[in-house]
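Per-chain residue numbering starts at 1, and chain names A, B and C are given in the order in which the chains are listed.
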Amino acid sequence: MTKTNPGRFFEDYEVGQTIRHAVPRTLAEGERALYHALYPARHALYSSDEFAISCGLDGSPMDDLLAFHTVFGKTVPDVSLNAVANLGYAQGRWLQPVWPGDTLRAESQVIGLKQNSNGQSGVVWVRTQGLNQVDDVVLDYVRWVMVRKRDPQAPAPDAVVPDLAAVVDPSDLVVPEGLDFAEYDFELAGEPHRLDDYQVGERIDHVDGVTVEEAEHMLATRLWQNTAKVHFDATNRPDGRRLIYGGHVISLARALSFNGLANAQMIVALNAGAHANPCFAGSTVRAWSEVLDKAPTAAPGVGAIRLRLVATTGDSGSFALRGDDGRYRQDVLLDLDYWALMPV
Amino acid sequence: MTKTNPGRFFEDYEVGQTIRHAVPRTLAEGERALYHALYPARHALYSSDEFAISCGLDGSPMDDLLAFHTVFGKTVPDVSLNAVANLGYAQGRWLQPVWPGDTLRAESQVIGLKQNSNGQSGVVWVRTQGLNQVDDVVLDYVRWVMVRKRDPQAPAPDAVVPDLAAVVDPSDLVVPEGLDFAEYDFELAGEPHRLDDYQVGERIDHVDGVTVEEAEHMLATRLWQNTAKVHFDATNRPDGRRLIYGGHVISLARALSFNGLANAQMIVALNAGAHANPCFAGSTVRAWSEVLDKAPTAAPGVGAIRLRLVATTGDSGSFALRGDDGRYRQDVLLDLDYWALMPV
Amino acid sequence: MTKTNPGRFFEDYEVGQTIRHAVPRTLAEGERALYHALYPARHALYSSDEFAISCGLDGSPMDDLLAFHTVFGKTVPDVSLNAVANLGYAQGRWLQPVWPGDTLRAESQVIGLKQNSNGQSGVVWVRTQGLNQVDDVVLDYVRWVMVRKRDPQAPAPDAVVPDLAAVVDPSDLVVPEGLDFAEYDFELAGEPHRLDDYQVGERIDHVDGVTVEEAEHMLATRLWQNTAKVHFDATNRPDGRRLIYGGHVISLARALSFNGLANAQMIVALNAGAHANPCFAGSTVRAWSEVLDKAPTAAPGVGAIRLRLVATTGDSGSFALRGDDGRYRQDVLLDLDYWALMPV
């Protein structure tokens, strides 16, 4: 019998099952530096220990998306090795910052299963938690994927479709302990715009573009220990192209959004996300955002802004998202819905 | 009104104006490692804590050019986003090493302005300081750039052209506190040549070449948080090429100069610099140096050597710099004039 | 006279001679992170401080191959700058882990010399030691290379061919102090297979493949301060290709071998190694392993497994190594023979 990991097929999942994912990972200064080399990240709270201290923290935490990618990467060998498609995210919350030196591991619980009508595959819903070395949950999100069946003749399980909120309620957002934007230095942060300056419905063209190279997305995806073949092996697809990890596009777009949203400092919730089209090396990625909602928090000077972040290979200034048929345009890569913390 | 940064145009500058640049940055072990991955850097003082300690320091400082690029990167959104050309550097001095864990920020003062006769653009001179977390100035230099006018009809300001020294006087060089080359280990440093072995006028072919890739210069330039579009966006120029940040070429050439100048350990002054021609991925960069001057310092065993460092895509052994017309040859990328510290 | 390093030629070596290699190097968190970005490394002991602590260590050591590459890189300017071929390795042992913050340097002793019958070149055998900042030997190995003569007319030295063991005797393996696999967490490590589950003669297809980019192998090879021109300069070979450092292929294959050998945690000996064919960017590297031997150790729960690790650009599932002529197949890149520590 083979000793390599064949991945799980649809019939290997059961509702209620808990999967303890392998290979914990210590994140430190090196990962922080690499994140800044891989993405044009400039949010001051993650760039400067001094700035973070002036906001009431003990120093710069690891980028929220770095924590997300690390936890996500752990789940790949158990959840998406035989996945046909990554269908969605919901109810994601960052519950605690990850600090340099922290070690993360991940656990997932199967919360839903539904076989497709073709009998070839099914949808699996998992709720994943990222835990640090003292078993505090630092991140919690739901993800669903379409997974192939090993045997198309295997019987379908009872369908269980979880009831997922479309948006994390602002009252459920967790503000990191000590965070205080009362003395926030807008000049040093890079832009004067505070929460009050943004209007619901406002759209922001982030203007800049980044042309992506193979070496870059592979360095990133390996750093998160994501093992999906499609990202690394040019012989895996008939067209000889390597599919860029969707999370790489999320981080690129978020970093580009600095230009116009420099003060949307910390990501605290992931409401929804769609990888609308695949991204390949050679593409020039641009981004635009739309303000979806605003909410207060109990922390001094800290408000929450709900944003739609769109990555596109087209014109970010056209704010185009869907065609007349209601489907995502071909040039849209990502449609992400998240909450961030911003000085009021 | 747009919330993104349009950059400053010529008429937005005033002599005497101080600009506090955004996004402070903490530099640590990760940036040090990346510097060694991005450039073939081998100067022992920056490679080994033990070697640096044997030279009287507390450990390896961050590479002097890493500090320079970080400070320079901060100035880009305010100084060179609408620049047509980076014209020169003068009076640059490193005043204190940057240590792992230090946080840098930057401030610039406008010290000169002169509109071009075509009325379309003008030259802006700024004096930039890099400051650490206790507000010590670690780096100080003058740079001038040609910047577009927003409105060609706007009136010209009174011309103010600063009087800049061609060379930093050796008596103004700052030797890092504690630096002592009395017990310098030449074998471990990699070459036996001391200051006395170099003659003014001597030229050194650094022999090695590095063929540059897109992924590398973008990783580097992002790491310095330099946001200039031309480095990242292949759709920005009609020819679809990304312009390599001039500082990337400086670091490449300086690292290549180890072979022949292994003991030119610390850069303490930037006298002048010209980015003679643009550099693109696929080029093979070589370097040669010329000894311009030598000077003593007050520190034990420490002398100063003034060097011309030339980066070229041509034959570094021909020492060719200018054509018959007195202009830089097409294969010359960089002509840099600096002071370094070397055991006497 | 030139100040650059021309490298040593065959007639520059003498049996008994000791070479103290230049440029010591401090390795820390940054190098650890980069190792994980450059290779799909997932062995838990090197990924997680917590996992390493649960195995009796003080934290995660630097990857054993990272230590090897760093020591090897130091030897290049003195041993292989004029090498025609890297012929083999023997009797390699890791004697102590390298911890973040350690500074490595290297020394080599010439232990054999034999001129080739053509008089143009000869074989040089060196025994290299890597030492940390307190002069403990962390790594010790023999390597032999074919080196060009400066002057084909120079007389041949007396031939001295060292007597090298084909395999490190398992009783000579050094288990890191404190290592204890008695409470080993197989689930967190990623696979359930213990030493008892592997049979001598068993072969494992590691399944995954990585397509290699120029930027990646250059970043890695620079990080080890390996200065061999062939890796960096596309103008160096008539075909314009850059030869990938053989050690890059070793690290790639070792990382790929996680899938099937996740519990072969620490490399403790290098018995032999052949770089069977050159590797170039664009190749997709795959790997397979063969179990050659097993042995107990004195440490609690710790056994040793002797493995053949083969990297190939062909089908790793065919386990093809040599053609009918007994020579390595054209698609085989690497044939490495090593001992690793594994829970019994």
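We adopt the following convention: contacts are C-beta pairs under 8 Å (C-beta built on N, C-alpha and C of every residue); 3 or more make two chains touch, one makes a residue touch a chain.
Only a predicted model underlies this, so the values are computations on that prediction, with no experimental measurement involved.
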Among line, ring, star, complete and other, the chain touch graph is complete
Count the residue numbers both chain B and chain C use at their shared interface, divide by all numbers used there, and answer same if that is over half, different if under half. different
Intercentroid distance (Cα basis), chain C paired with chain B, Å: 36
Among all residues of chain C, which ones touch two or more of the remaining chains? 28-31, 33-34, 213-216, 219
Partner chain A, residues of chain B touching it in the complex: 2-5, 20, 22-26, 28-31, 33-34, 77, 101, 103, 105, 133, 213-216, 218-220, 222-223, 225, 227, 229, 232-236, 242
Please name which positions on chain C make contact with chain A in the complex. 28-34, 36-40, 42, 44, 47-51, 60, 187-191, 193, 197, 204-211, 213-216, 219, 259-262, 284
